[in-house]
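In the two assemblies presented below, chain A is common to both, partnered first by chain B and then by chain C.
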Partner chain A sequence: MSLTLENVTQIVDGQYYINKANLTFEPGSFNVLLGRTLSGKTSLMRLMAGLEKPTSGRVLMHGIDMTGVSVQKRNISMVYQQFINYPNMSVYDNIASPLRLAKASEKTIKEKVMEIAEMLRITPFLSRLPLELSGGQQQRTAMARALIKDADLILFDEPLVNLDYKLREELRIEMRELFAQRNTIAVYATTEPNEALALGGTTTILHEGQIIQTGPTAETYHSPCNVIAATLFNEPPINMIKGHITENEVTFDNTIHFPLTSELNTLSAGEYQFGIRPSHLSLLPKNDDDLEISVQVEVAEISGSETFLHVRNAHFQMVLHLSGVHSYHVDEKIKIYVPTHKLNVFEKDGKLIQASSRRIEDHFHG
Partner chain B sequence: MNKPHSNKAWFLVLPVFILVAFSAIVPLMTVVNYSLQDIFDVSTRYFVGTEWYREILNDSRLQDSLVRQFIFSGSVLLIEIPLGIGVALMMPKSGKWSVISLLVLALPLLVPLNVVGTIWQIFGRADIGLFGWALNAIGIDYNYAANPIDAWLTVLLMDVWHWTSLVALLSFSGLRAIPDAYYQAASIDRASAWAVFRYIQLPKLKSVLLIGVLLRFMDSFMIYTEPFVLTGGGPGNSTTFLSQALTKMAVGQFDIGPAGAFSIIYFLIILLVSWLFYTAMTHSDNK
Partner chain C sequence: MAEIHLKSLAHSYDTTANPPEYAIRQMDHIWHDGGAFALLGPSGCGKSTLLNIISGLLKPSEGDVLFDGVRVNDIPPQDRNIAQVFQFPVVYDTMSVFDNLAFPLRNMGAGVAKINSKVTEIAAILELTDVLNKKAANLTADEKQKVSMGRGLVRDDVSAILFDEPLTVIDPQLKWKLRRKLKQIHERFKTTMVYVTHDQLEASTFADKIALMYGGQVVQFGTPRELFEQPNHTFVGYFIGSPGMNFLEVKRCKEGVCFGDIAFPLSAAEKKALQHSTSNNLKLGIRPEFVHVWDKPNSQAQQANVEFVEDLGTYKIVSLTLGGVSIKARLQEDQKIPLQSAYISFPEQWLMLYIDEFLVEKENDDE
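Presenting the complex of A and B:
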């Protein structure tokens, strides 16, 4: 069963929640919806599920118009940010509940519950009540309930947000494995670019109710269609610098000049925006085309074994994503190196003209 | 190895201890003291041990009151809890009408107890009361002042009118606290309205209902003012509940010793039953 949205629009109290969404998800695909809070991810999912009816547009399941069909008559399941289970039923009964409602025999129910519990590693807890479990186990129970149904469409609305870091990574990997042999459409909403990258499949970038870009995850990451997509699909957000290109050189903010490289010399003269990913900046020169810029340290934000180094000069601010722990003093003067072949070039209005080029070393650094 | 520790922290609980001592322990001990003595006047008093307790427990009038009291509190819970939940389920969830229904529900709770008694005393009169007159007009021979059953039903109805709102308000707040995602999940599961109530709403309401049941039990078990104003405990002794029997004994006949023993027993019964409710309702959580 494929899912298609055709010009789906939802207006609530005169406000566009979803603006002309067009999407097609293939059976057996894993699809990530990436966007900030309030970008319309949940609204879009509710429209896909049939929990809400779009103001205009159509929702098709395998070519059949399902727009007005209520959620009860569709075969879908959904996993929420909160851990939603029946509070006074045991884990076993919780997982079995969709099958019981479908009037399956107790024997089939038992087999399937055992199978799915095994897969999600909650077999030892089957006789417990959901509230006697840890958050991760509760969410696994909710997932088991969603998976046992063999639904045509499974929606995950930021299911891992309320879990700790370690569990999140663990479940993320399991999710991919769980869906590898299934023929259902999985849709997964998240605010985190890293989660989208880890989950793979396709990624759809949502912003203010509009679909900005959709495509295979890696492709979407490497060639963001505009500034918004580039900003949303990178953590920390991509650094943007205004600049212009003349016949033989590139100028950033009227102050920094460097000669046109082979990657950039196809561009005509004019004003542009340049995007450079924080992970591509470095503190040491690495490539022959590196551009040296003198900056001052604003703050070094250390997260795990990585450092987000915020720097600025008189004209712009940038963030460097460095591996390892680096400590700096505020206002310390340092030099950073911008590999110019890694620049993404956008038009003044934000549209992508040229994605960063991927040299051989990308196979190691991504 | 023993960790060195300081006992100074006890000073921090001292204010609470003093407060509780003066508000609860000292008065209670005074009553215990009375209940063990036969007091004629300030200087003439004899220690009688558990004599008064034995007498109270064997007093058939008080036993009747106790039975009456249990039937009354039981009826109150059986009517008010389901009715309150029902009202809460039917209330509009948001918007203007939600506010209006909340206000209307809160009104009975704002009426002083003796005013409630007076309202129903007049309301139920067969000659000038709307309720009593209307019942008689449609052929029901209703007179709360003469017929014990009528008196009983009126006291019960009065309590239901007065306090169902409390259960409804508690339940309403409990229902509002259930995330919308539960209802969505239920509709995705194709659960019926009954299943939603049985497996989502009722379990989620449990903690507020526990408070509701405890409050309504304790309150109804100690009911005094309303029946006192409405029927004065009559006709006969048919609406004489425990606290009224106690008041008659302590203030009417000035039998301080037996009244003290009665108070202690009364207190212990409430404590015991409340504890039973509490354990029963929290126990099913971790069976």
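Presenting the complex of A and C:
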């Protein structure tokens, strides 16, 4: 069953919650909705589920108009941020409840519960009450209940937000494996770019009720369609610099000049915005087209294996995402290098005009 | 500002239980004055219990908490000169930002001039100057959280600022801004700060030293780099790093330890430790960042199967299998990745030996 949103708009008290959303999700696909808090992720999922009726537009399941058909009449499951289980039922009964509602035989129920519990590694806890479990186990119980009925559509609304970082890492991998073998459409809302990347599938970027970009996750990350997409889908946030291109050179903030490189020389003269990812900046020159910029250190955030170095000059702030440990003093003067072929070039209004180029390195090793 | 000393500290919520069940197992720690510390660990590890003991919300069942050498066990939280920032911002909604920030100073009976200068200073640092006259209720979540922090910073007499998962409700892009701010504030004021989180990135970027907790114990207390490069327990290896450390179960053999028919040489200190132990619970650990991946055979490399590759934007994770065991390698964004079959090697420097889950030091100080 494919799910299609056709020009779906939702207006509440004169405010656009969702503005002309067009999307199609195929059976067996895993789809991430990425956006900030209040960007419309939950609203969009509620419209997909039929918990809300759009102000205009249509929701189609496998080509059939389902707009206005209530959620009970659709084959849909939802998993929320809060761990929602029936507190007075055992884990077994919690998982079994959708099948009991569907009047399945106890034999079928048992088989299915055991199968799904095994998959989600909660078999040892089936006779316990949900509140006797850890957060991760409670959320696995809710997920098992959502998965047991072979829904056409499963909606996950930031399901891992309340869990430990490490547990999230494990559950993401499990989810990917679980859905690899299913025909269900999975939709997963998150605020975190790194979570979207870890989940894979396709990613749809939402901002202020509008769909900004949609496509295979890694591709969307590497080729953001505009400044908003580039900003939302990068962690740490992408560095943006204003500049202009003349006949033979590029100028950043009227102060830093460099010649047009092969990657940039197709661009016509004019004003642009340049985006450079923190991970593409370095402390040593590496490429023939590197641009050297003098900056001052604001602060170095050092994790055990990486450094996030925040720097500034008179015109802009930047962050570098470096491998390894690099200690610097506050206000220390250093030079950083911008590989100019890695610049994402956006028009003045924000639209992408040229994505950063990927020169695959030939050497191997870790 | 103060040094925090946890002296023979332990805590049990139920002291009548037999055998006693400890939420915090006995520990001794000195957290130096002006340091930035993180309590990191999974939920249920005891980190919040420990924070509550430091703040005075909870009285330890055993041992002492000393601030600058003075025992504070019996001193209630409000008299400990501690500022706290919680997961959900605590602001007085009906007051302006200015009044929120001035509140602790007014409580202390500070003069108007002092209040004005202090609030203006802190607001400037936190980039709250433009909203000083706004009602706190009208602020965004990150602004509210900055006000919560600001209330801790206006006081000169604060012994320590305690943060309990302060960035959980903040969107990722703003998290970066706020975290940087916090770090800058620490560099400037050098107030002792203790930060509780389950997020290793938050802990490691904020703290000079991390106490990694598990099962009511501090498993390792060290710099982020030490926790990454020298995890002293397999749990530290697993919990720190994304993905965590790779482990190979190995057996004793002539050369040192062997994984199947692959022999791994050991340092003198490792060999000695192995001789002194009778355990068969032996593991080699290596971080995904340190696994080398090649497309052609070489004398050090072992053939492994490439199972799948995840593109995580700034880097890629390659999942490989070696002798039936899954190994992950972390490669740069633009590095080429072999298809199906790869050759991997483990640089000796980064290969750690664990006996009964504990690290064996590569060099023995006694020798």
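Keep this in mind: the second predicted complex is superposed on the first by the 356 of 366 C-alpha atoms of A that agree within 3 Å, B and C clash if a C-alpha of one lies under 4 Å from a C-alpha of the other, contacts with A are read in each partner's own complex, and residues count from 1 in each chain.
One rule holds for everything that comes next: a residue touches a chain if its C-beta (ideal position, glycine included) is under 8 Å from a C-beta of that chain, and two chains touch if they have at least 3 such contacts.
Here the structure is a predicted model, which means the values were calculated and not measured.
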When chain B and chain C are modelled together on chain A, clash or fit: fit
Chain B versus chain C as contact partner of A:Y80, first or second or both or neither: first
Partner chain in contact with A:L284 - chain B first, chain C second, else both or neither: neither
Winner by number of chain A residues touched, once chain B and chain C are compared: C
A:A314 touches, of chain B and chain C: first, second, both or neither? neither
Partner chain(s) touched by A:L51 [first = chain B, second = chain C, both, neither]: first
Partner chain(s) touched by A:A180 [first = chain B, second = chain C, both, neither]: neither
Apex chain A: angle to the C-alpha centres of chain B and chain C, given in degrees as a multiple of 10: 70
Partner chain in contact with A:V71 - chain B first, chain C second, else both or neither: first
Which superposed partner A:N88 touches (first chain B, second chain C, both, neither): first
Three-chain overlay, closest Cα atoms of chain B and chain C, distance in Å: 5
Sites on chain C touched by chain A in the complex: 42-44, 141, 171-173, 176, 179-180, 183-184, 187, 198-201, 204-206, 223-229, 238-244, 287-295, 310-315, 329-336, 338, 344
Residues on chain A engaged by chain C in the complex (per definition of touch): 36-37, 134-135, 163-167, 169, 191-194, 197-198, 200, 217-218, 221-222, 231-232, 234-237, 277, 279, 298-299, 301-305, 308, 310, 319, 321, 323, 325, 330, 358-366
Parts of chain B lying in touch with chain A, wherever the complex brings them together: 179, 181-182, 184-185, 187-191, 199-200, 203-204, 284-286
Parts of chain A lying in touch with chain B, wherever the complex brings them together: 46, 49, 51, 71-72, 76-78, 80-82, 84, 86-89, 97-98, 101, 129, 132, 145
